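Several structures are given next for inspection.
Each of the next two complexes has subunit A plus one other chain: subunit B in the first, subunit C in the second.
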Partner chain A sequence: MVARVQVPSGAARGEVIAVRIAIQHPMETGFRYDLRGNRVSKNVINNLVCRYNGTEIFRAEMGSGIAANPSLQFYTVAAESGELQFEWVDDRGVRGEERVQLTVRG
Partner chain B sequence: MQWMAGLWALAAGAARAQPDVANDLRPLIAELTGGAAVNPGRVRVETPRLADNGHSVPMKLVVESPMTAADHVLSITLLSPRNPRPLMARFVLGPRAGRAEILTRVRLNGTQAVLAIVQLSDGTFWSGSAEVEVTESACLDAG
Partner chain C sequence: MLRPRTVRLWGLLLALFAFGAAAAGDLPRVRSGIEYASGNIRSMQADDFANPGMLWVTRGEKLWNTPDGSSGKSCAGCHRDAASSMKGVATHYPLKDRGTGRLLNLEARINHCRETRQGAEPYRYETDELLGLTAYVAHQSRGMPLQVRVNDDNRMHYERGKAIYYRRQGQMNLACTHCHERNAGRRLLSETISEGHGNAYPIYRLEWQSAGSLQRRLRSCYFGVRAGLPEFGSEELLDLEFFLAQRAAGLKVETPGVRR
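After this line comes the complex of A and B, so read on.
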C-alpha cells in the first residue's frame, strides 16, 4: 500500500497544523461483482491510527462509506519536534505504516 | 432511440438491485449514545450541494469546540440514511487536535442527508447534517 503524508515543513510551537494522509487502496465495498460474476469481498482499511511521538492523536474507524484511495485531513498542535507515525490495517489483515518528521521551532 | 431504451433498462435494473429504503438510524444512534439525548447543533457537515457522482464526495466536518483538556471533542460518527451500511466512519480525536475539523471523501448511494453525531468530553452529544444531491449513485454497479 502506497501512502503519502503531508505536514508543513516547519511549525511554531503551539501552532495548529494540518496533517494530511492519502493511501492507495480500493476500499472494496463487498457489493461489486467481477467480470466472471463473482462477488468481490469487502476489503476496506478499517482502522487508521496516528501517533505523535508515541501518543495517539487521531484514529479513524472506516467502513465502505469512505471513498476508494482514502484521504484524510485533520489537525494537531505542534507541541515538539518529532515523528508522526501512521498505522493502518484492512479487512484482509494487510498492515501499512508511514512516518514523517516534524520540526517545531521555538 | 434504441440507446435510450437501453438506458431505461439499465436504470430499472439498478433500481431492482438497490431498493430505495431509508435506513432507520435510531437504533444505531441509541447504541452510540447509550440512550443519551442528541442535541442539534455545534457540528457542521459541509459538502457540495450537488455531487455528480456518489463514488467520491468531498466532506468536511467542523465542530465548534475550544479543544482544550477540559472541553474537547471525543469522537465524530458519520451516518448515512441511504447507504447499504449506515455506519460510514467514526473519527476519534482529543485535546491534542487543536482544531476539531476533518476532511475526507465519502461514498453515497443516492441523494440523502448525511448525519454527523459528535460526542464531547462533557458527555453530551450533538448532531448536524447536510443534504447532498447525488446524480449517479456509488452503488450502480452492484446490480
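After this line comes the complex of A and C, so read on.
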C-alpha cells in the first residue's frame, strides 16, 4: 500500500501542527456487485493509529462511508523532535506502515 | 436609454471586434480541461497533498529506484535522477521511435525500456505500476508546454488520428469533434464538455476512484457514443493520442490532473 504523510518541515516547541496522511486503498464498501453479479466483499481500512514517539495520539475507525484513497488530517502539539509512526489494517488483514520525522526547534 | 441607431452601431462594432479577434490568432486559444472544472476540483489538483494522483507519482518514484528484470537494473540505474533526466520528456510524446519505427506513447516507451533494457515483463495497461511510472515521468514535465509537432516521419499517424477524430461512429453516430470542438463549454447533462485535451494524464478521476490513462478515458468516450472499444495500446488509440497531443500543443503538462 502506498501512503503519503505530510508534516511541517519544522515546528516551534508547543506549536499546533497539522498532520496529514493519504493512503491508496479501494475502500470497498461491501454493497457493490462485480460484472458476474457476485457481491464484492467489504474491504476497508478499519483501523488507523498514529503514535508520536511511541505514544498514541490519534486513532481512526473507518467504515463503508469513507471514500477510496482516504485522506485524513488532524492536529497535534509539537512537543519534541521525533518520529510519527502510522499503522493501519484493512478487513483482509493487510497491514501498512509509514514513518516520518518531525523536527522541533527551541 | 440607447436609441435604436446606437444599438445597431454597437452591434456592428461588436461584430467587427469578434471578427478581428478571430482573425488575429490563426487558431482559437486552447483551454485545458481544468479550466472547465469546478472550484473544488481545481483546488484539489492544485494542492499536492490533497491531489490523490500524487499517490501514483509516489508509487512511480519507488518503482523508478527499484531494480527489476534479468538485468537487475532499475530505471535510475541508467537514467539517474528523474528530476533532471525526465524533465520535459513527456512534452514530446507520443513519439515516433526511430529504432522500431513504431509510434510510442509514454506507457509504451516505459514497457519498451522494460523489455529491451531491463529484461523485465511489460506492465499491463491500467495497472498501478504502469500508471505510477507514467505519472512519475510525466510529473517531471509539469508546467512545461506540450510540443508534439507534425513532421514527415509522423505525418501518417497525424492523418489517421485526424480521420478518427472527425469520423462519426457508434450508435450515437457522433465524432469527437461534435462534443469537444463544436460544443466545448456547454453542458452534457450535469457535465461541462471540455475541449478534450490530454495534457493532465494520467489523471485521478473521481468517477473511477483511481488514476487512469488517456487511453482509458478515450475508451470511455467510445463507450459513451456506443461504439466498439479498441484494445489498450491499439494503433487506433495511439494515432488518436498523437492527433490530440499536437492539437493541445502549447498547453502545460498538469500530471497528475484531477477530474470529475
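In this section, the second predicted complex is superposed on the first by the 106 of 106 C-alpha atoms of A that agree within 3 Å, B and C clash if a C-alpha of one lies under 4 Å from a C-alpha of the other, contacts with A are read in each partner's own complex, and residues count from 1 in each chain.
The criterion applied here is as follows: a residue touches a chain if its C-beta (ideal position, glycine included) is under 8 Å from a C-beta of that chain, and two chains touch if they have at least 3 such contacts.
The structure displayed is predicted, hence computed values, not measured ones.
A.B. asks: Examine A:A67 and indicate which partner it touches, taking first as subunit B and second as subunit C; both and neither are also allowed.
C.D. replies: both
A.B. asks: In the superposed arrangement, does A:Q24 touch subunit B (first), subunit C (second), both or neither?
C.D. replies: second
A.B. asks: Which of the two, subunit B or subunit C, is in touch with more residues of subunit A?
C.D. replies: More residues of subunit A are touched by B.
A.B. asks: With the two complexes superposed on chain A, say which partner A:D34 touches: subunit B (first), subunit C (second), both, or neither.
C.D. replies: After superposition on chain A, A:D34 lies in contact with neither partner.
A.B. asks: Between subunit B (first) and subunit C (second), which, if any, makes contact with A:R4: first, second, both or neither?
C.D. replies: In the superposition, A:R4 touches subunit C alone.
A.B. asks: Can you list the residues of subunit A that touch subunit B in one structure and subunit C in the other?
C.D. replies: 67-68, 71
A.B. asks: Okay, in this complex, where on subunit A does subunit C touch?
C.D. replies: Those in contact with subunit C are residues 2-4, 6, 20, 22-24, 26, 67-69, 71.
A.B. asks: Could you list, by residue number, the parts of subunit B that touch subunit A in their complex?
C.D. replies: Touch residues, subunit B against subunit A: 55-57, 78, 80, 83-85, 87-94, 96-108, 138-139, 141-142.
A.B. asks: Quick check on the complex: what are the subunit A residues that touch subunit B?
C.D. replies: 16-17, 27, 29, 31-33, 52, 55-68, 70-77, 79
A.B. asks: Which of the residues in subunit C come into contact with subunit A in the complex?
C.D. replies: For subunit C paired with subunit A, touching residues are 49-50, 52, 54-56, 58-59, 62, 128, 132, 209-210.
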